[in-house]
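First chain written, first letter: the chains are A, B, C and D, and each begins at residue 1.
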Amino acid sequence: MSGSSFGTHFKITTWGESHGMGVGAVIDGCPAGLALCEADIQAYLNRRKPGQSKFSTPRKEDDAVQIQSGIFEGRTTGTPISMAVYNKNQRSADYSEIASYYRPGHADYTFDCKYGFRDYRGGGRSSARETIGRVAAGAVAAKLLETAGIGFLSYVRSIGPVEISPEHFDADEIGRNPLYMPDAKAAAKAQEYLQDCMKAQNSSGGIVECIITGVPAGIGEPVFDKLDAQLAKAVFSIGAVKGFEIGDGFDAARATGQENNDAFYYNENGVLCKKTNHAGGILGGISDGSDILLRAAFKPTPSISAVQETVNKNGENITVRVKGRHDPVIVPRAAVVVEAMAALTLADLMLADMGARAGSFADFYRR
Amino acid sequence: MSGSSFGTHFKITTWGESHGMGVGAVIDGCPAGLALCEADIQAYLNRRKPGQSKFSTPRKEDDAVQIQSGIFEGRTTGTPISMAVYNKNQRSADYSEIASYYRPGHADYTFDCKYGFRDYRGGGRSSARETIGRVAAGAVAAKLLETAGIGFLSYVRSIGPVEISPEHFDADEIGRNPLYMPDAKAAAKAQEYLQDCMKAQNSSGGIVECIITGVPAGIGEPVFDKLDAQLAKAVFSIGAVKGFEIGDGFDAARATGQENNDAFYYNENGVLCKKTNHAGGILGGISDGSDILLRAAFKPTPSISAVQETVNKNGENITVRVKGRHDPVIVPRAAVVVEAMAALTLADLMLADMGARAGSFADFYRR
Amino acid sequence: MSGSSFGTHFKITTWGESHGMGVGAVIDGCPAGLALCEADIQAYLNRRKPGQSKFSTPRKEDDAVQIQSGIFEGRTTGTPISMAVYNKNQRSADYSEIASYYRPGHADYTFDCKYGFRDYRGGGRSSARETIGRVAAGAVAAKLLETAGIGFLSYVRSIGPVEISPEHFDADEIGRNPLYMPDAKAAAKAQEYLQDCMKAQNSSGGIVECIITGVPAGIGEPVFDKLDAQLAKAVFSIGAVKGFEIGDGFDAARATGQENNDAFYYNENGVLCKKTNHAGGILGGISDGSDILLRAAFKPTPSISAVQETVNKNGENITVRVKGRHDPVIVPRAAVVVEAMAALTLADLMLADMGARAGSFADFYRR
Amino acid sequence: MSGSSFGTHFKITTWGESHGMGVGAVIDGCPAGLALCEADIQAYLNRRKPGQSKFSTPRKEDDAVQIQSGIFEGRTTGTPISMAVYNKNQRSADYSEIASYYRPGHADYTFDCKYGFRDYRGGGRSSARETIGRVAAGAVAAKLLETAGIGFLSYVRSIGPVEISPEHFDADEIGRNPLYMPDAKAAAKAQEYLQDCMKAQNSSGGIVECIITGVPAGIGEPVFDKLDAQLAKAVFSIGAVKGFEIGDGFDAARATGQENNDAFYYNENGVLCKKTNHAGGILGGISDGSDILLRAAFKPTPSISAVQETVNKNGENITVRVKGRHDPVIVPRAAVVVEAMAALTLADLMLADMGARAGSFADFYRR
């Protein structure tokens, strides 16, 4: 199992390399009858498309998706949905130099250890272009979840040392700045910070935050397939993620039980609510009906043009400058990838849950 | 799928409730020929056994493991290894009160949402006793990994606001204090902090850290089943975990590429090494041969005897004091659970890796 | 993965050996709220219990099942159901002889090839006692299916050359003769045949047939997880099965399309029906609402006391007589095992199907 | 899970419909370093290509395969191999008639029951074109198995009542007649029989046989994932299969133990052999080193142009003639599909087996 499939019920398999023919995804298990067209998916892909600001690689790609199966008369048929995005701009660069050494912070060395050799052109399968398959499939999952009233809000929480401020949080601002930050002031500061990074031939890390609304209580499987565990795996499988949190995350480790426990109460309509949401919407691995809040820490882009020490395959210690078209920061384009992975996880666990509830089996088949 | 299985190649399935007959685990896929006896497993279980200090629940349990299958003449046969720990001390308490309301911070409410009803005695399947199955199975995985030269060092990094200091790090100290901290001073301070918590009918969170040594480069499957993603899921599936990090974790999000990239070099013996280990031993989801470093944030024990607001099933807002035998902090006993989950993850991915490498298939079968 | 798990949604894992402590099964994924007690399971186990006629091994075992988890107040909780049957009669025989050679028709040699050594006492994991776990779990699946109106009729269709006759088919007769044949005359003839076999220190094969009633149309997943493909795997995984058929089976290969196609029609109530059922209730891998008809061919019991040629581990060609307590024919006790595997397959695919239908996802969560 | 994936370690996912854009397969888990090009796959696809004789549909398709990922410099990289075959000849026929009724013997009705609607053009996903993905992936599995010395011989054993005769068996004859029968006389008779069928607007069933040589002893997982059980599922998942046998199959049910047991002996070179092979190369679900022999019964092509009774969606009983381009018999083209499924099964179980053996784990990682 080389790990290119995700999910059990809403299952996707992705394929493709940065400088091969293209990248794609096959979804197996999407329920029949969902209205779906290429534009639904393209809208998601456009959010991760390169070349949209000076903080993104200038590689020009339309990233136009083609649906190749599983749709009939505008609706899903319940059979596999194959989607492909063919590469346009596989620069016929000379990769012989990059083939000869291991870039620091990249997977060059570990791929060679595992497989004995690698497709070194542009990172091959470990390139960020691999995430196109995730986003295309995630768009379908999100469309499915929308039919059950579930929505997503994803944005950049911090870039390097610059963090958004809760007081200035403005969801409408997210689409207005190139860094997808919900705080205009922080976005301005972060742009300055990034300009300095670029001048110094350096790069920056950052944090993506995602809020999921409308998830019914009861989603997630106890023990190993907890909702938070599956979200952790889903998000951590995105290249460059080094940390993951639900709700208060690491702050919870510094808190006391009296501070951290969320009190339940019935509101005036008799609906069970929580006074706070330190738990981030998940108790015992199962959704509690509150908003789900998750956070992912991305390391700085490892491709930098400053001089770095490394080794080549001839057994020599050398210094290199990594050439190529690189993002000085990945998080603005990564926000939609985090959202896609969250959508895929939820779709999978909601389909899993349908068989778990008392009486549902008989009810469903006897109706 | 109710999620009580973990792993694909080294696969475990756990069962059991806090106040039922017992808890257990079945391992399927352990290679044949491994020397294994109950004492190997008991040593791990003893590290999580309750009642060993004043900072642990006084519930008295031997937690004696019984191997029920899969061993012949002291070695594994390659067939399923069934292990059980029968409960001794299922206090015949009156649980009718606890059945009537939802404890804040617990899974009572979400289990009811999902299943329609729940085994409310002591938390049922969402009790910390569920981790016995993980630890028993993890002990077997660790024994298998030991044959390939892999070792684990797990300890408590912080309790509430009290963190160990890198300068005072002393691995030998871990077993000497009841909090499993590798820093005697920090351990003393943390004990004071916990005493105060207990007086205030309160509880504390904390952080567990685990270092894995001897992992060969090349372990982990690219894309969705990255080694870090699988570790994230494994550790996040432990109840009360709210955050997870590899290497520098969230600090990497605040760093630059020049700071965060680990330079490669060949040492005097021509062995490829890294000057630093910000990556925590994993690049592109695959082990790089360095130590693997992971960290898990645990929320404070939600069971506290202070008065809390909550709701009952009659639709009323009420206040409660949660009675029972509870740990004021879970992390000292959780360290071995984190280690067990890490061992299970590695065993699974190493078995997966055996078929991935160039030539391995033909080599194996043409021998 | 050593293959001791079956199913994805209604998933079971079995463990145990013939002469070890016992055998058992863990069910994960049984919906919550199903009324279930040990007597439900015992009724199934009693149908495969040894020692009930002269055509069955005289090994004395109560095969009393113990439910160890997953039930609360008489109903399933949705969490794993662990069941165990402890061995009573592990005769302290001397197995050193059997350890030294490979019994013809048994798995002794192949287990040694695979694992390097084996638990040779009574066949270890490849003993027929392994099927206890299947039957215990199948009893739970059957109870679940019963809530949706699904029933099973399983019986022996032939023993050696003696086959039941369609004209004399009498379902009530099945429980009246020790061979579970629905035809008194054939049963009498088969008993004579078996007496002759036993005198000649020989054994006999036979065929089990199973009719499943009440399955709604639409169950089974297209392509690889067709209902018939999953049934084939399920039944072929029972030791000694060498052939499997659905509907007309091999006879269909000799028929023409005009003979084999089942004509559809609407009956007087407007219900869609089929004039014939050559297809055995499955079209394109999906149930069509007719009875499902399957058939399994079992080879003769390989353990016979007549002299046989074989080899020992010292590299010598030898002759042996296999001692021990053996069934001259396995099919009467195997009928319930076939039924159990069919029930497990259906439960799994029905849970899988719940998410597949148009609109069901949104309907289910919006209701 | 809608069941379009097969295998755990050598895992494939197929997609596509008869009259959509095309069909394809993604392989995940193929070991790195295998020499592979499109011609390797095309050779297999050509064996199932339509229009090669008068006994095959005249639909004209090149079935030219395109590899879209996973190969670098002529070798597999260990990452997903995506392959596509685009449809050329999606006749712009008027399908409105076929949309209105259910063809007898087809999956039209069951797809509608399951999904609520279907892609009715040419059978959609239940068309025989779906097998292109299986054959393309099976070609890769076969190439991998070849590196371990494993080969396949697949042919048509019978068509309707015409069966090959063991005395006239001639493997070289298989490629010489359009029916892929290893017996020239039987092939001639079968052609006459088919001519008569075609005149009568009728169709015929048949049996495919496959011999697998060179499989090492020890492949297959005990209990549920036995080699024969996995082969049964693999082959039964091919549309139109109604029966499956290993070795003597149903004949074993009529035999005695003395007849059926295969005696072991050491040959003059001290190699363990069997005097006969009634078992078909599998004992206890694990390969024994002999040839593996399997057989699949295919029902007659359900599409016939003779008048048939059926129903339409308006609730009316009607008669129809199924138009279109149909094979009067499917087995000649199905032989390579059976072989492909057998190759996929073996590749998957051999990768699973690599981690099962005593000492293999430590040996592999301590090298």
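Convention: contacts are C-beta pairs under 8 Å (C-beta built on N, C-alpha and C of every residue); 3 or more make two chains touch, one makes a residue touch a chain.
Computed from a predicted model, the values in this text were never measured in an experiment.
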- Item | Most distant chain from chain C by Cα centroid | A
- Message: Report the inter-centroid distance (CA atoms only) between chain B and chain C in whole Å.
- Response: 38
- Query: Whole-Å distance, chain B centre to chain D centre, using C-alpha means?
  - Reply: 45
- Task: Please work out the Cα centroid separation of chain C and chain D, and write it as a whole number of Å.
- Result: 25
- Residues of chain A touching at least two other chains: 1-5, 8-9, 14, 29, 32-33, 75, 78-79, 114-117, 125, 216, 222, 352, 356-359
- What pattern do the touching chains form: line, ring, star, complete or other? complete
- Query: Across the complex, what residues on chain B touch chain D?
  - Reply: 8-9, 29, 31-33, 75, 78-79, 144, 147-149, 216, 222, 350-352, 354-362, 364-366
- Which part of chain B faces chain C closely enough to touch in the complex? 1-5, 8-9, 11, 13-17, 20-24, 26, 28-30, 32-33, 68-70, 72-73, 75, 77-82, 84, 114-119, 124-125
- Note on the structure: Residue set of chain B touching chain A in the complex reads 1-6, 8, 14, 102, 104-107, 109-111, 113-117, 125-126, 130, 158, 160-161, 197, 200, 202-207, 216-226, 228-237, 239, 241-250, 252-266, 270, 272, 275, 278-280, 283-289, 297-304, 306, 308-311, 315-317, 352-353, 356-359
